[in-house]
Each structure stands twice: as C-alpha cells, then as structure tokens.
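Shared between the two complexes below is chain A, which pairs with chain B and chain C, respectively.
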Partner chain A sequence: MNHSPLQTAILFHIGIVPISRTVVTTWGLMAALTVASWIVTRNFRVDAGAWQVMIESVVAEIEEQIAALLNCDAAPFLPLLGTLFIFLVAANLCGIVPGLTAPTASIETPAALAAIVFLSVHYYGVRIQGLGAYLKGYLRPNPVMLPFNILAELTRSFSLAMRLFGNIMSEEMVVAIVVALAGLLVPIPFMAFGILVGLVQAYIFSVLSAVFIGGGIGAIEK
Partner chain B sequence: MTVQMLSIIGAVVAVAVGSISPALAEGRAVAAAMEGIARQPEAAGSLSRTLFVGLAMIETMAIYCLLVALLLLFANPFAR
Partner chain C sequence: MNFSWWSFALQAANFLILVWLLKRFLFKPVSAIVARRKEEIARGMAEASAEKQKALNLQRDLQAQWAGIEAARQKAIEEQGAQLAAERVKMLDEARAEAEKIRDHATTQISEERAAATQELFSRTIELAVNLAERLLRGLTFPSIEHAFLTRVLDYLDRLSATERAALVSHLGETALVVTTAHPLDAREEAQWREQLGKRIGAGGGIKFNSDPALIAGAEITLPSATLRFNWRDALTTAAREINRNEHAG
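Entry: the complex of A and B
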C-alpha cells in the first residue's frame, strides 16, 4: 500500500512530455472505441439487422434521456454527452480486464473530462443564448450573487472530477486490499459491485454534465 | 506522537465521521423518493433521475472526506 493513488506511473517520455500509463490506456480505449464504431456503422441499411437495431436503440435512448433532462432538442448535445457516456462506461469498466487499470482511477482523466464539461457549458451557453444574455445569467437572482455564481461554477466542476475519481479509485483500492487479504473467489462480489459503481458513475457524470449545460443554456434553473 | 501517526488518526477520523451525515442524508433522500414513487408510480422515471443527481450531490461530501484522508496519507505537506 505504498503506492499513492494521487501519483501516476510514468512509462516513457516523448521529448520532454512524460507519458503515463493512464494516457496509454486512454489511447488504447480511444482507438478501440473508434474502430468499433467504424465497424458497426460501416454497412447500415434501411432494413436493419440485429446489430444495427442494438446500436440505434442505444443512441436513441441517450438522445431521449438528454431531451427529457433539458426539455429541448437533444441534437446539438448528443455528440458530446453521448461520447462522454460511452467513453466513461468503457473507461470505468476496463479495470475489470486483467492487467489494465481504469484511466478514471487516476486524477488526470476525470479532471480533463470535467474541464471539457466546464468549457462546453460556456460554449453552448454563448452559442444558444448569445453572449449578453448568457453573462446576464450570472447576475440572477440579483447582482449580489455574482461572486457566488462564479464560485459555484468552479467548485461544481471540481466536485464533478473528484466524484468520479474518488468512486472509481476507492473501488479499485477496495478490490486491491481484498485481493491482498484473501485472493481466491472472495474479491469477486467486490468486483461485481465495481461494475455497478462504474456504470452508475458514468451515468451520473453524464447526467450532471447535461444538467450543467442545461443551466448554461437557460433550459433549466441552476 | 509523530506527524505520521497524527495523519493516520486524522485520516481515519475524517472518513469515519465524515461518512455519517452523508449516509443519513442519502437514506432520507431514498426514503422520500420511494414514498413518492409509491404514491405516483407514473413519475418513477423523472423521480429516479432527480434522485440520482441528488444522491451524487450528497455523496460529494463523503468523497471530499475521502480526498482529505488521501491527502493526509499520501500528500501530507507537514510530513518530512
């Protein structure tokens, strides 16, 4: 237990940029997801086969959930939020594969994803509401609340990252401790619980991102 | 007592005490949502979605305590 979960193992350097294990795992996941998407969407037809129906129902369900959350057309947000959800499911669950650790169990990946969400809130807010109306949203309910609104904007992104990191990392740590105590068969219920935690955290991260973006575009009250 | 011993005690207290109130709060939230679903089964979808968001918010408090414990154990600025 001497390995700190707040530090990451550096594998090699490109120039002066250190490349950690987390980054390599993320690259592998990105490549796998891209190739998988390319393969399953390669020959879509009007008379859909079993695979196509499965993919379409997943995409349609994500779109329906976003539309129900935001009370508006989900099309502009589907690429970001859908990709976020699918990537997070893959990233949280790849810790199950022997030899791999979940990229979300080290602090950089959740922080980077939360930064993407933080920036996209402003991007969608300015694009849909216009700059003036979006900035005026920070003065509601009255201008005294301006510092608190800015503070809330920062802290909620921080807690978004910390929530994902804390859950996935503590999950992996519990499994590691149980493996060290009793290696055979005992860790299996904990790993099964880890699958549930990974799926729920991916869902919560996506839903909270949708809620934040909805607050940014003024579709729902913050 | 050395700084290391104090940090270990601090980490244990942070997690143990800090998870009491989120546990109680999550229990109350789930109980209220169950009651709502029992009264209005047709609202189960939107209720459970709101419940998940609310639980995530409550859980953040416990996660912060975990983070404080981790900082004390692995990134303690006063040790060494």
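Entry: the complex of A and C
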C-alpha cells in the first residue's frame, strides 16, 4: 500500500471521467465473478456434481436467509441482496491479495452500495405497498415522528456505509502498519482476522440491507 | 480524505451491472436447475404415486380376481360335493335296488329251487310210492287175474254208445287188434278174450296177443284209432300224474 486509504487513487481518465484504482479493482471483481458464474453454471445438470452442489447450496442458503428476514418470497430480492453479499465478500477479501486494495476500503464504494440500498427500500416499498401506504409508514406511530423517520432513513444508510468503510479501511491500515513495522510473517494473524472481519461485515451489510428493505415493504416493523 | 463523485457513480453503476450479470449468469441458472430438479422430483413423485396407484389398483383387481376364483372354487367344490352326494345316493339306490333285485332273484331262485326240490322230492316220493305199489302189486298178481281185467274191458265196451263204438273200431279191418297182457295167456284164455272181444267189436279173427310184465297186471288193447289200457301200470301212472297235477294245482 503506497497511498493513503483515505484518498482516491486515480489511475487514468476516460474523457473527463477519472478512473480510480477502486473502480478498476471492482471491474476485475465483476469480471471474475461473472466468468466464474458462467463457467460454473454452464454445465449445470439435474444430477449435480460437487461444485454444483456447493454453488446451489450457497445460493439456496442466501435465498433462505432473505426469506427468513423478509417473511415473504425471496425470489424478487435475490438478485440485489445476493449480489450484494457475494460482491461484499469478494470485495472485502480481495484486500488480502498482495497488490490489491479492497474496493470497500474506499468510501465511494460503501456509499454507492448504501445509496443503492436506500433507493431500493423506497423502490420496493412503493412497488409492493403502493405510494400512499408506503408514505403513510413515515407517519407511524405518530405524524409527529415524520421528521425523525426521515432522519432515521438517512442516518441508517449513512451508518451502513460508514460501518463497512470504517471496518475494512481500518483493517487494511492495521495490516499495512504492521507490515511496515514488523515484516512479512507478523501481519498474518491480522490478515486472518481481516478475513473474519470482511465476512462479518459483508453479512452485516447484507442483513441490514434486507432488514431495511423488509421495513420498506412492510414485512418488518420499522 | 476526499470523495470522488465520479467513483461513487461508477461504483453504483458497476454494482447495478453486477446485479444484472449475476442474475443472468448465476441466480437464473441456479433457480432454473433447482426448479427443473423440483419439477423432475415432482414428476417422479407423481409417476411414483401413479405407479403406486396402479399397483394398488392391480392389487385390488388381483384381490377381486382371487375372491372370484375362491368363490368359483368354493362353488365348484359345493357343486362337486352335491354332485358326488347325488351320485352317492344314486349309486346307493342303484346298489340297493341291485341288492334288492339280487335278493329277490335269489329268493325267487331259492323258492324255485325249493319248489323244484320239493317237486323233485315229491316226484321221487311218488315214484317211490309207485315203485313200492308196483312191487306190492307185483307180489299180489297171479296169471288168472287177467280175467278180472277182461271183465272190466268188457264192461267198458258195453257202456260205450253205438257212435263211440263205431269210431273205436273204424279201420279195424286194415290193422290187427293187439291185446297185450302182463302174463302170457294160455290158449283157453286167449279164446275167451277173442270170443268176448269179437262179440263187442267184431274182431274175433284179427287179434294178436302179446305179453308185457311191465303192465304188472291187466291188459292193453291197441286199436287203430285208440289204445285201451286196463292195467295197474297205467293205473299207477295215472295216479301219479293226478297226484302231481293236484300238487301243482295246490
């Protein structure tokens, strides 16, 4: 790590658009996940092999978790929340690969994900409950609570982004500092701990996103 | 720390694109294969259920067939039993009738044999009696007794009507009159017979005399149209015949 994690490293520009290291890493992750998915699923059979069973089990577990959180059919939410979890796992863990920086260690990525979750809450809420019923939700339990509900919507999305960013960024900074101070082998426990943190943060971000969406569609009390 | 809105926007776009890509290349194939497997499992369950139902139907049909076979078997056994019972009764009746017939036949045969034996015994008794009487009479006879029988012959001829006597002597000229006696007659006796017979039937010249000890006593006069028997053998034979006839009639 030869730059500050609090700064966005620009690698090149496309026109006026600056392309940062985070974006390039994300593209690489997108390509890897897409190609891996295509390779794994292209030969799916009814009598599944070991790899297929593992993939199906992961997807089925994600779907079951979503269904358990939302108390409804998980199929409409699986692409968003499933992709969110898988991407966060990949993004959080890619920081342990030498030369790579976790995209979630840059504030833009958690902020973008939190913004998408924020918009998804309203999108699914309006789509499933209807606009009137959804907006009435902000007046519960009392119309006086309307400003607080709106504030809660904003702050929880902000906290969602900051939690992920803070954990991943701090973990990467700790590993970088330890590597700089103690050499090659000492950071390994911290890196293992970083794996745990990355998985936990991915899980927390995904679960909280599901809970927010569940609150938006009325399946969960806000 | 700075915040790049370009990076923010690109990351948001990247994530949305990734959502589409994973939906296209991961979630849809997994959902499709899971759905297909569920469909195949459901189809397998349905087929298994159908096979089970078919097996149950087959089992029910077989049970019904078995019940039918059992009923038919029972019916056949009952019919066979009834037929055998009827056959047994029929055979018993036939055997009984046959036994009755055999018994009747045996009874009849025994009765007939007994009657025949009785008859035989009776006949033997009669024969024995006749023989005894013959032996006794043969002991009582003497040559001059023929004269007494001549008297009886003459009495008989005297009682005949003219018509009967004419019929008796018809054809007498063609054949000789034969007088057979138990004892040979001497010349005087033959003359006496010839004379008396000549007076009654006109055959004084054409009479032949024979003797036959079997007659015991008496004579037998043979005419062309009849034979007059006046002797004890004839009397005994007639008596035996009469006794037999009376026995049969009784």
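Here is the rule we go by: the second predicted complex is superposed on the first by the 218 of 222 C-alpha atoms of A that agree within 3 Å, B and C clash if a C-alpha of one lies under 4 Å from a C-alpha of the other, contacts with A are read in each partner's own complex, and residues count from 1 in each chain.
As a working rule, a contact is a pair of C-beta atoms (placed from the backbone, for glycine too) under 8 Å apart; a residue touches a chain by one contact, two chains touch by 3 or more.
Because the structure is a prediction, the values reported are computed rather than measured.
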Which partner does A:30 contact after superposing on A: first (chain B), second (chain C), both, neither? second
Which holds for A:69: it touches chain B only (first), chain C only (second), both, or neither? first
For chain A, which side has the bigger count of touched residues, chain B or chain C? C
What is the contact status of A:208 with respect to chain B (first) and chain C (second): first, second, both, or neither? first
Have a look at where A:162 lands relative to chain B and chain C in the superposition and call it first, second, both or neither. first
Which partner does A:82 reach: the first (chain B), the second (chain C), both, or neither? second
Partner chain(s) touched by A:116 [first = chain B, second = chain C, both, neither]: second
Following superposition on chain A, which residues of chain A contact chain B and also contact chain C? 4, 6-7
So, in the complex, the side of chain C touching chain A is made of residues 1-4, 6-12, 14-23, 25-27, 29-34, 36-37, 40
Flag every residue of chain A that touches chain B in the complex, lowest number first. 4-7, 65, 68-69, 159, 162-163, 166-167, 170, 200, 203-204, 207-208, 211
So in the complex, the part of chain A that touches chain C is made up of which residues? 4, 6-8, 10, 17-20, 22-23, 26-27, 30, 33-34, 37-38, 40-42, 44-46, 48, 52, 55-56, 59-60, 75, 78-80, 82-84, 86-87, 103, 106-109, 111-113, 115-116
Residues on chain B engaged by chain A in the complex (per definition of touch): 45-46, 49, 52-53, 56, 59-60, 63-64, 66-67, 70-71, 73-75
